[in-house]
Amino acid sequence: MIKLSQRLLGPVTLACLAATFVLGLWVTPEDRTQKNLVRLLYVHPPIAWVALYVSFGTATIASCLYLWRRTRSMTMDRIAYCAMEVSVVFIILTLITGSIWGRPTWGVWWAWDARLTSTAILGVFALAYLALRRANDDPTLRARRSAVFAILTAVNVPIIHFSVVWWKTLHQGASVLTSTGQLNVHGSMLLAMLLGFVGFTLLFFWLLRERYRLEVKRDARSIATLDEALALRRREGV
Amino acid sequence: MIAVARLVAAKDLRIEARSRVLLWQVLPFGVIALLLSGLALGPAQAGNSSAGPGLFYLVTLFVTLLMINRSQSLENAPGTRASVATLGLDPAGVFLGKALALTVELWVTGIVLLAGSVLVLHTALIGTVQALPSILVTLATLAVAGTLYGALTQGGDGPATLLPVLTLPAFAPLLIAGERSFSAALHGGALWEWWVIVLVALVAYTAVGILLYGVLEES
Amino acid sequence: MVVRLVNAVVMSRGFALLSGVDLEVERGSLTVLTGANGAGKTSLLRLLGGLDTLTSGAGHVAGVDLAQGDRRQLRRRVGWLGHEGSFYADLSVRENLVFAARALERPVHDVDAALERVGLDHRVDTITKQLSAGQRRRLGLAWLLVRRPELWLLDEPYASLDDAGREFFDHLLGDVVRAGATVVVSAHDPLRSREVVARTLRMSGGRIDAP
Amino acid sequence: MIAVARLVAAKDLRIEARSRVLLWQVLPFGVIALLLSGLALGPAQAGNSSAGPGLFYLVTLFVTLLMINRSQSLENAPGTRASVATLGLDPAGVFLGKALALTVELWVTGIVLLAGSVLVLHTALIGTVQALPSILVTLATLAVAGTLYGALTQGGDGPATLLPVLTLPAFAPLLIAGERSFSAALHGGALWEWWVIVLVALVAYTAVGILLYGVLEES
Amino acid sequence: MVVRLVNAVVMSRGFALLSGVDLEVERGSLTVLTGANGAGKTSLLRLLGGLDTLTSGAGHVAGVDLAQGDRRQLRRRVGWLGHEGSFYADLSVRENLVFAARALERPVHDVDAALERVGLDHRVDTITKQLSAGQRRRLGLAWLLVRRPELWLLDEPYASLDDAGREFFDHLLGDVVRAGATVVVSAHDPLRSREVVARTLRMSGGRIDAP
């Protein structure tokens, strides 16, 4: 079962994303005011959702699990690390798609808007996380420190989400899932969006899995070099 | 925990009082930075008192970074870490103590900078006084969060440069909240929503610090 | 057994500081580590003090499991005197020791006794960073006296001590071992203390040589 | 002198390249500081592109302080000073070498920050490119002056905190000149008067450094 | 005379590190400074190396007047090995020495020869801060070998060297003195080198005791 879903992850992701693109580019109608720009609706919000909630959620949960004594293991540390790395990619994509959307709608690539700024800051946060990892080379210490940092970072996610409420912003308010729980989008558009969300979420996990495997391989290699290093060191004695 | 906190805070403040770094180096830096920021914006915007809160917090931020750095470097002298580590101090106490000392130092700095801001940036005096409680709470939050982040950078390569990267994103919401509440006080607006953010952050950082400082220190 | 290491390995940046150490140390014994420069003496002491992490292998020190146990528990039982065994450089000699005594809830009275024993009573108000190398060593010893740990880990304790200091140190070792504490020392000079029987282990290439 | 300068610069840059502090710590710091400064001013003023040059130089200033500090701390490790002192290196060469390395580092940082400024502060791209030569010269001047002041704070207590106080007053005119010339380039105004100030400062600091660095080091 | 001090006093923050030293050292001689911890040995060596300033009294070292002369001239003639005689901590062993060789316009070839002599040839690419205490000492010696100064000032050179290192060092001292250089050493252990005749001076309270 698990094996099957493992094997299917890649193909399903690709299928979902392909369907999103087909629906988004050809099937769904043009918007009255936004014209073709509306098609970014199927890409930008899902990517942003992954960047904010899925990746930071994964990293935060893995970090908490690492810090909790009973579930502490290097696996959790590795997951957190890989999730954070993948999240950098998604945050950059969010910024790019947002900017592309912003240029025609707001007339600028970038604005001093609370959501945009906080998203960018979140991106630097993720980079800072990677910098912190580089600065520590004792694996346990690194794992602990980065776990604490990841948790502190997660605090920013709700701030970004509510930034549209707390500050007057250019950026779209919560329009898809409003506080009343009412859906504002219909028909093929809804389907395209939904597929987008599923597709990009799956894409995240796919990338995460590949990145994780790479990391495991790297660790395995370092275990192989461990024996070499030991032999080298012991030879010093004679 | 409280006893350890008191011990550590007293130690940090004693070193501070002896070396006079705050008085002779940090405060002058803050005042000059305030003047310079005003200059960098040009007379038109700086004379205009609305820039006051923003600049005050910007300068406070850099001062805070300097002070955190110093607070942590006390623990990082070669040999010191190993010796102190084997004392087995309660990490929650160490955290509270260092945060407390840093809070006191930041309060002193903050008050001087506020005076400077009133004098050179024409920030309204009454509004500033009204904003004082919220400013003190914000500074305490910065101190608490800073102590936590300071411990994260301890011992690594070049902590002096890693610290700013780690803290700036975390300080950003605090600074915004602080700035808004200061502005609100100046213009007689509502304060409570900003208070809530800062207080929640203060409590959250304190809790996280008490729980997790040990994890960070244990290398 | 206060210390039991089985095939202990410590890695740092791809280099094996310790390449498989097997070691047993009994309570109340004195162990001397010798060996060429870079053999791994300091690294072994750091591992025993909970200052470095075990990469592989197993180890128990003072009842604490090095792999999973609470290292803070371990550190609390250990007294450490390193190459640069200093303290807060900006506090005075006495303030440093009072800090340690308070932290351990020892009477402050112990501090003055310790300072007198190590011969620093004429330097109590000097700022630590202005001490000479040997005086700093002595401060480290005074601190251990206030501390009275179960397991003493001393890295080249003779270095920069003068003759009087070495003599004092020899007596101290005797006292400590007789009082039931365990001592592990790294040294290039043979231990001069004739009062206690010491076991000498040679290290090389990150391991302990077969006797 | 030139040989020594090349040697010292190569050494500093090699250490920098190895530790990657610039890449992973200083640059991210600069970018966040830029974002935050924009935020501190509020959307209304930051969106307005006239704030660009001021903010750029403000952030550059703080980055410069970090980098000077790091550049000097390389020389100040315990033991390093005495060993290197007995090499009897030509102080003028050491000065030039350290200033050169710092200049290179500041140029890298400056270009990244300029890109950031164009992207997020809407500083006009063409004006920025036109201002580039003057910016590079200003950064070089900051590096040269910074190396000189860095040597002043060497070895004292807490150089990390003393440095800002000493440098800020000296940097202020440079920053103003830099900012004005940047603004002038953006608005197509006259540039040469600011160039003169910065160039004179560059030459003056270089001359003073070559003549007096030895005096500062020898203590 | 390479060194001639008359009533030399060095003050630091109101404390007299040296309280009136009279000293003459001949070219090509070996002088050993002993004395209790804090007696002023390190302070005297620092003064001779031009690393500290004379507060009062007079002194000439290697032809340079300590009061008015160009201390950089002095430093260039002096080789220093301190308690923490390290180098740029972020450069590798070899890079550090190449830096020194380039600075002195010595052939880089000397570096490898020096590294081999002090037994660091298997550590040439290790970053200096990762060296063990004794290896750092050896690096300091290698650096002096590249440097070949007129006046060697060595602060407790035996500390943290292993037996092989000490033996090497003894030979080195003999070579150096025979080659006509002057050596002033501070030491707590008696000098072991039997090849050279050494004069031993005791210090206490910041002065040299009358013989």
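Chains here go by letter, A, B, C, D and E, matching the order in which they are written, and residues are numbered from 1 within each.
Basically, contacts are C-beta pairs under 8 Å (C-beta built on N, C-alpha and C of every residue); 3 or more make two chains touch, one makes a residue touch a chain.
Just so it is clear, the structure is predicted and the values come from calculations on it, not from any experiment.
Asks: Any chance you could name the chains that touch chain B and chain E both?
Replies: C, D
Asks: Farthest from chain A by Cα centre, which chain is it? Let me know.
Replies: It is E.
Asks: Chain pair with the most contact pairs?
Replies: B-D
Asks: Computing the C-alpha centre of each chain, which chain sits at the greatest distance from chain B?
Replies: E
Asks: How many angstrom lie between the centres of chain D and chain E, each centre taken as the mean Cα position?
Replies: 37
Asks: Please compute the C-alpha centroid of chain A, do the same for chain C, then give the distance between them in whole Å.
Replies: Between these chains, centre-to-centre, one finds 48 Å.
Asks: How many angstrom lie between the CA centroids of chain C and chain E, rounded to a whole number?
Replies: Their C-alpha centroids are separated by 29 Å.
Asks: Per the centroid of Cα atoms for each chain, what is the distance between chain C and chain D, given in Å?
Replies: One centre to the other, that is 45 Å.
Asks: Multi-chain contacts in chain E: which residues touch at least two other chains?
Replies: Those would be 83-84.
Asks: Hey, what residues on chain A touch two or more of the other chains?
Replies: 121, 124, 127-128, 131, 135, 138, 141, 236
Asks: For chain B, jot down the residues that touch at least 2 other chains.
Replies: If we look for residues of chain B contacting two or more partner chains, we find 19, 78, 157-158, 162, 165, 168-169, 172, 218-219.
Asks: Could you list each pair of chains that touch one another?
Replies: Once each pair is checked, the touching ones are A-B, A-C, A-D, B-C, B-D, C-E, D-E.
Asks: Which residues, counting only chain E, touch chain D once they are in their complex?
Replies: 46, 49-51, 53, 71-73, 75-76, 78-80, 82-91, 95, 99-100, 102-104, 140, 143, 147, 149
Asks: Per the contact definition, I'd like the list of chain B residues that touch chain C in the complex.
Replies: Touch list, chain B to chain C: 3-4, 7, 11, 14-15, 18-19, 74, 77-80, 82-89, 91, 214, 218-219.
Asks: Residue numbers of chain A touching chain C in their complex, please.
Replies: 137-141, 222, 225-226, 229-230, 232-238
Asks: Quick check: in the complex, which residue numbers of chain B touch chain D?
Replies: Residues 19, 21, 24-26, 28-29, 32-33, 35-37, 39-42, 45, 51, 54-55, 57-58, 61-62, 66, 69-70, 73, 78, 157-158, 160-162, 164-165, 168-169, 172, 175-176, 179.
Asks: Looking at the complex, which residues from chain A come into contact with chain B?
Replies: The touching residues are 67, 118, 121-122, 124-125, 127-128, 131-132, 135-136, 138, 141, 144-145, 147-149, 151-153, 155-156, 159, 166.
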